[in-house]
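These notes are about the structure you will find just below.
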Amino acid sequence: MFFASDNCGAVPPQVIEALARANEGSVPGYGADTLSHDVCDRIRALFEAPEAAVYLVPTGTAANSLALACLCPPFATVFCSPVAHIQTDECNAPEFFTSGAKLTLVPGGDRIDPEALRWTIAAEEARGVHGPERGPVSITQLTERGNIYSAGHVSAICDVAHDFGLPVHMDGARFSNACVKLGLTPAEMTWKAGVDVAVFGGTKNGLMGVEAVIFFDPAHATQFERRRKRGAHLFSKHRYLAAQMDAYLRDDLWRDMAQRANGACDQLAQGLKGAGLEFENETWGNMLFVRMPRGVHRALHEKGAFYSLWDGTLEGGPEDEMLTGRLVCGWNTTAEEVSTLTEAVRAA
Amino acid sequence: MFFASDNCGAVPPQVIEALARANEGSVPGYGADTLSHDVCDRIRALFEAPEAAVYLVPTGTAANSLALACLCPPFATVFCSPVAHIQTDECNAPEFFTSGAKLTLVPGGDRIDPEALRWTIAAEEARGVHGPERGPVSITQLTERGNIYSAGHVSAICDVAHDFGLPVHMDGARFSNACVKLGLTPAEMTWKAGVDVAVFGGTKNGLMGVEAVIFFDPAHATQFERRRKRGAHLFSKHRYLAAQMDAYLRDDLWRDMAQRANGACDQLAQGLKGAGLEFENETWGNMLFVRMPRGVHRALHEKGAFYSLWDGTLEGGPEDEMLTGRLVCGWNTTAEEVSTLTEAVRAA
Amino acid sequence: MFFASDNCGAVPPQVIEALARANEGSVPGYGADTLSHDVCDRIRALFEAPEAAVYLVPTGTAANSLALACLCPPFATVFCSPVAHIQTDECNAPEFFTSGAKLTLVPGGDRIDPEALRWTIAAEEARGVHGPERGPVSITQLTERGNIYSAGHVSAICDVAHDFGLPVHMDGARFSNACVKLGLTPAEMTWKAGVDVAVFGGTKNGLMGVEAVIFFDPAHATQFERRRKRGAHLFSKHRYLAAQMDAYLRDDLWRDMAQRANGACDQLAQGLKGAGLEFENETWGNMLFVRMPRGVHRALHEKGAFYSLWDGTLEGGPEDEMLTGRLVCGWNTTAEEVSTLTEAVRAA
Amino acid sequence: MFFASDNCGAVPPQVIEALARANEGSVPGYGADTLSHDVCDRIRALFEAPEAAVYLVPTGTAANSLALACLCPPFATVFCSPVAHIQTDECNAPEFFTSGAKLTLVPGGDRIDPEALRWTIAAEEARGVHGPERGPVSITQLTERGNIYSAGHVSAICDVAHDFGLPVHMDGARFSNACVKLGLTPAEMTWKAGVDVAVFGGTKNGLMGVEAVIFFDPAHATQFERRRKRGAHLFSKHRYLAAQMDAYLRDDLWRDMAQRANGACDQLAQGLKGAGLEFENETWGNMLFVRMPRGVHRALHEKGAFYSLWDGTLEGGPEDEMLTGRLVCGWNTTAEEVSTLTEAVRAA
């Protein structure tokens, strides 16, 4: 019962096959090979964005940080949620890649409220040269707390940002799960709603380690290639990044993987709701944040369930204290794992 | 006839097999899996350095930059050769990861002369707080011009650096080729000669993209893990880096690959010497820098030979102008490729 | 009626005299002159800290940023109040000088609550390498909202920081005003309460532009001199920084200036209280934050009162909307200015 | 006999008077006062550049670094002489302010040769994304070795830079000395010869610490104000920077000071030539680099001459070893000092 994260599971066989397929003969390095060009073209087609600038990088943190560095000079600030991955889980990588820009946290939860955003951006103006320049707005889809922004919500945020002339970045580590859940195309989820730069995540959805950064207006991708090289993220054997993306795009594997993960999560949600539990996230793709007493959490861990507690530890507190657990489903979460966990919850 | 680079070839089947083998079940992320621990232990054993701190990263530039960042504060300078990869081919990555340290070029060629190094380090002292603090010495083994430092040469350089209290970093992108050529163990090539931090390169010697950074004194690895995360180089699915290294270490694949590449290069060298050519590098592992008239270079390219010209272009100059070509052999360079090239040179 | 800031007034004649006095003959540059050595010694004596490392810089932002850079590596975070000058008024200078460290805002007001601090520091631990290392705690004395930390409060904050092994930095732009108000010696205000690094501000208290950075444990001042030079803050004609500080220290001018400013502020506070106004800051040195209706603010500005509105503008809202004005007294604020303003408030 | 540096002398009385004159009443901070606006206008007039963006900063290193940061992104390189102040005497400040750009040294001496520059810039192109982008060219007038670029030489360098679309920065720490020596106007020395950004130095020519950065095309001054604030170089009491510049511009004090310094240097040159000495710098403003035996240097120091040896020390070598001494004249170097030194040389 492994519900700890969507980056702990194995990759689907198609990825290994794609690597083996790409492993033929000598090809130019550093992304100049045919396959690398080809997958970038296919990403443009998938996003209905023939003019977009598209780049592959190996990690989500690299994707976010390099994208933000293109949008945000060192004397500016990024607007994001207090629980944004770029704020809490990247060990100052955005500050590093932007050469010292700040993150301004928009008060509220994981999904940025457009009015709170408007107020926060406006407030930054008052200080003139004493405060940072106002930089991009960054949202995460689905969010770090498992919620999904509707297309309308994304659009409302982009409208606020654009009112101030600011671009919008979407951290799409779980982009596929959101598209699938909402029944939206990648284009509808991004540029049609106003997003300027999106990360099309692969790593959490079944790849070994590949993300695509997509600038819908190539003018935003200021020297991305030199920034990527300078960040040590330009792979000499770029074909092996491309190969993974090749597998991802073939036969809509990205969609298929996300559907599996979301399906398992829906099944899990039904089971847990039946057991009377409450979820912190109102909407979900492949993650649930579940409130349960410490005693139940411990019982589950003792039965072999792996997942993270968000606001406490298994030991060191009263048995009936309510703690939040994060349950993440991957493409390979089995119906059996889900039902075993559900049973265990009922039992506990 | 592909002699352009050792990062253009396919990887050996063992690497694909190791990835497939590692692709089982769910494991902890970010390097906390068993395989990741295991390969680091095996690297320690290979280098006879049980106390060493060992980390995997995906690119050589990441390996060098993160290693130097641990050794060099922003107000210091790195001593290196004018043709060092960190100086000429990393698009300011060392400056980036060190937050703005300088590189001081030791006058001379690709192999640093110990006396020139001593003079250069000494000269930096005169300026006090107006100049940078003196930081690490960095050497590349084998060098960017294909030469090999003997163990004695490495030792002489380390002695100079240590006289000033400075640590020594070895960029080992082609470390295996040097070990094999010299018949030295990894320990003899590094810490036994005085090297403080070494990069054990995999990418140019048959892996998809993995390098190991080895701090023989773990005290030098100041916060490497946070630096790696901040640089966006911590792989969540770390097992796929580890798997490649697993293949590399099994049955001494690293040595076998290097032997093949070096062997092809020796064969090539004999052939070209027979054709009366001169090499710029006096010693070599898997690279030759060959002086030939432009007309010969063009004839070879027309016959399908791929390699880089170092100091000019195929077009735009007299036919008899001597230009240097870089010929690189990989583990998969065939005897046929070598003889075809040799024949073509003779014919031209 | 100039209550806009304590950096808008003239300097006392003693400062001009000291500059003229120092303007004799040729002396070594870059702080190697006798006067520079002498004033650093006198600062050590004033702070009863014979071992302290003391440096002069021209601006408060330089003092804070350089101090924090010594205490905080790029992959760490500084704990401060949401309204700290380093957070709101230095245009990312702390991020710049630390090479990209983060600021973590301790929930609450301008004076950090020790328990909120403890909780905030503790919470940073959970994320391991995914979050920044925990760095220094920074407090401002007196605060940006005009409040004063008692010695006991400072001590409680230092205790929390030290429990986690973290150093404490005190932004002392208005340090003198706090000492005078509390009747504490500089030593009692700083190291005796646990402060590790203090900025002894001169610019807001009558100097042209000089601040002293004081590391009570010189081991904290890692390469301050090279950092200062690298930040372009090492004055070649350092004697003119020293001369200002010379004036400041002579006959306790620093204390005299602060007493005048505080005295004017107390007088103003009595007057405004008499007029029935409320202050946002419970305690004060030389600044009051006063809540008044917009109409009153406008009337005062029309009568020639200069000061800043903190949460709105003179135009564009209802006359009776309560807005906060910041009234700052300097060493040269006259009793007449104070009474004129008080009268004007009563009238309005 | 103080010939050590032009930043060791006192300032002329006009500077103290200007500070006293500016020390009246309360004025807006951070450069919003009338005097600050006024001196910037007068600098525009002096340079015949009504559209120029002009900023004051306290140190030459700040002026250079901030100017370069506006012209040079982190992934680029600055072209300069191997002995440029930005390379040898600013402790990585250019690297700091540019967030990690590199300096590429143009082979040759202190005065950049246009053809060497062309070759060096061209060579940087070959590496594409593996090397840095090509950034600004920086020259120092007069140079760090005391030489002067003729207007034609400056023009030739600017032509090369502009051929590649690169801007030119002039470090003008001793700008006034060059103008006076060549009989050129500031405009002729800068934008009329093609210079894009110039530093009009004051500190080495009699001010306490002020330099003006002048962008002839304001489009080059990208966010200079935020960069200055972020670098902690925005003075709150900006009037005291402006006051110094006010004195400098009044009655052409800048020119008068430079004439005095140059005059003393010419007198010194005549005297030393008469004594049979050779100068390393072929042309000069207020600095001579003189070759003399160690024994003579020691004799002079024993007689009270203060100046720096450039390539050795007074002790520790044969008496007849030729060493270079740097002799710098300031506005306040007296005829007596000059003749005393000359006599001492003759005697030794």
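A, B, C and D label the chains in the order they appear, each numbered from 1.
Definition applied: a contact is a pair of C-beta atoms (placed from the backbone, for glycine too) under 8 Å apart; a residue touches a chain by one contact, two chains touch by 3 or more.
Chain-to-protein mapping (UniProt): A, B, C, D = L-threonine aldolase.
Computed from a predicted structure; not experimentally measured.
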Practice task
Name whichever of A-C and A-D has more C-beta pairs touching across its two chains.
Solution key: A-C
Exercise for the section: Pick out the pair in B-D, C-D or B-C whose interface repeats that of A-B, meaning over half of the contact pairs match by residue number. Expected result: C-D
Practice task
Just grab the chain with the largest centre-to-centre distance to chain B, centres being mean Cα coordinates.
Solution key: C
Completion exercise
Chain-centre distance (mean CA atoms) for chain C and chain D, in whole Å, is 34
Practice task
List the centre-to-centre spacing of chain A and chain C in whole Å, with centres computed as mean CA coordinates.
Solution key: 41
Exercise for the section: Please work out the Cα centroid separation of chain A and chain D, and write it as a whole number of Å. Expected result: 51
Fill in the blank from the handout: Multi-partner residues in chain A (2 or more other chains touched) are 74-75, 90-92, 96, 99-100, 129-130, 132, 226, 229-230, 234
Fill in the blank from the handout: Seen from chain C, its contact residues with chain D in the complex are 2, 4-5, 7-11, 16, 19-20, 23-29, 57-62, 65-66, 90-93, 96-97, 203-204, 208-209, 226, 229-237, 240, 306, 330, 332
Handout entry: In the complex with chain A, residue positions of chain C that touch it
Key = 74-77, 88-92, 95-96, 98-103, 105, 127, 129-132
Handout entry: Residue ranges of chain B in contact with chain C within the complex
Key = 30, 73-75, 99-100, 129-130, 132-133, 223, 225-227, 229-230, 234
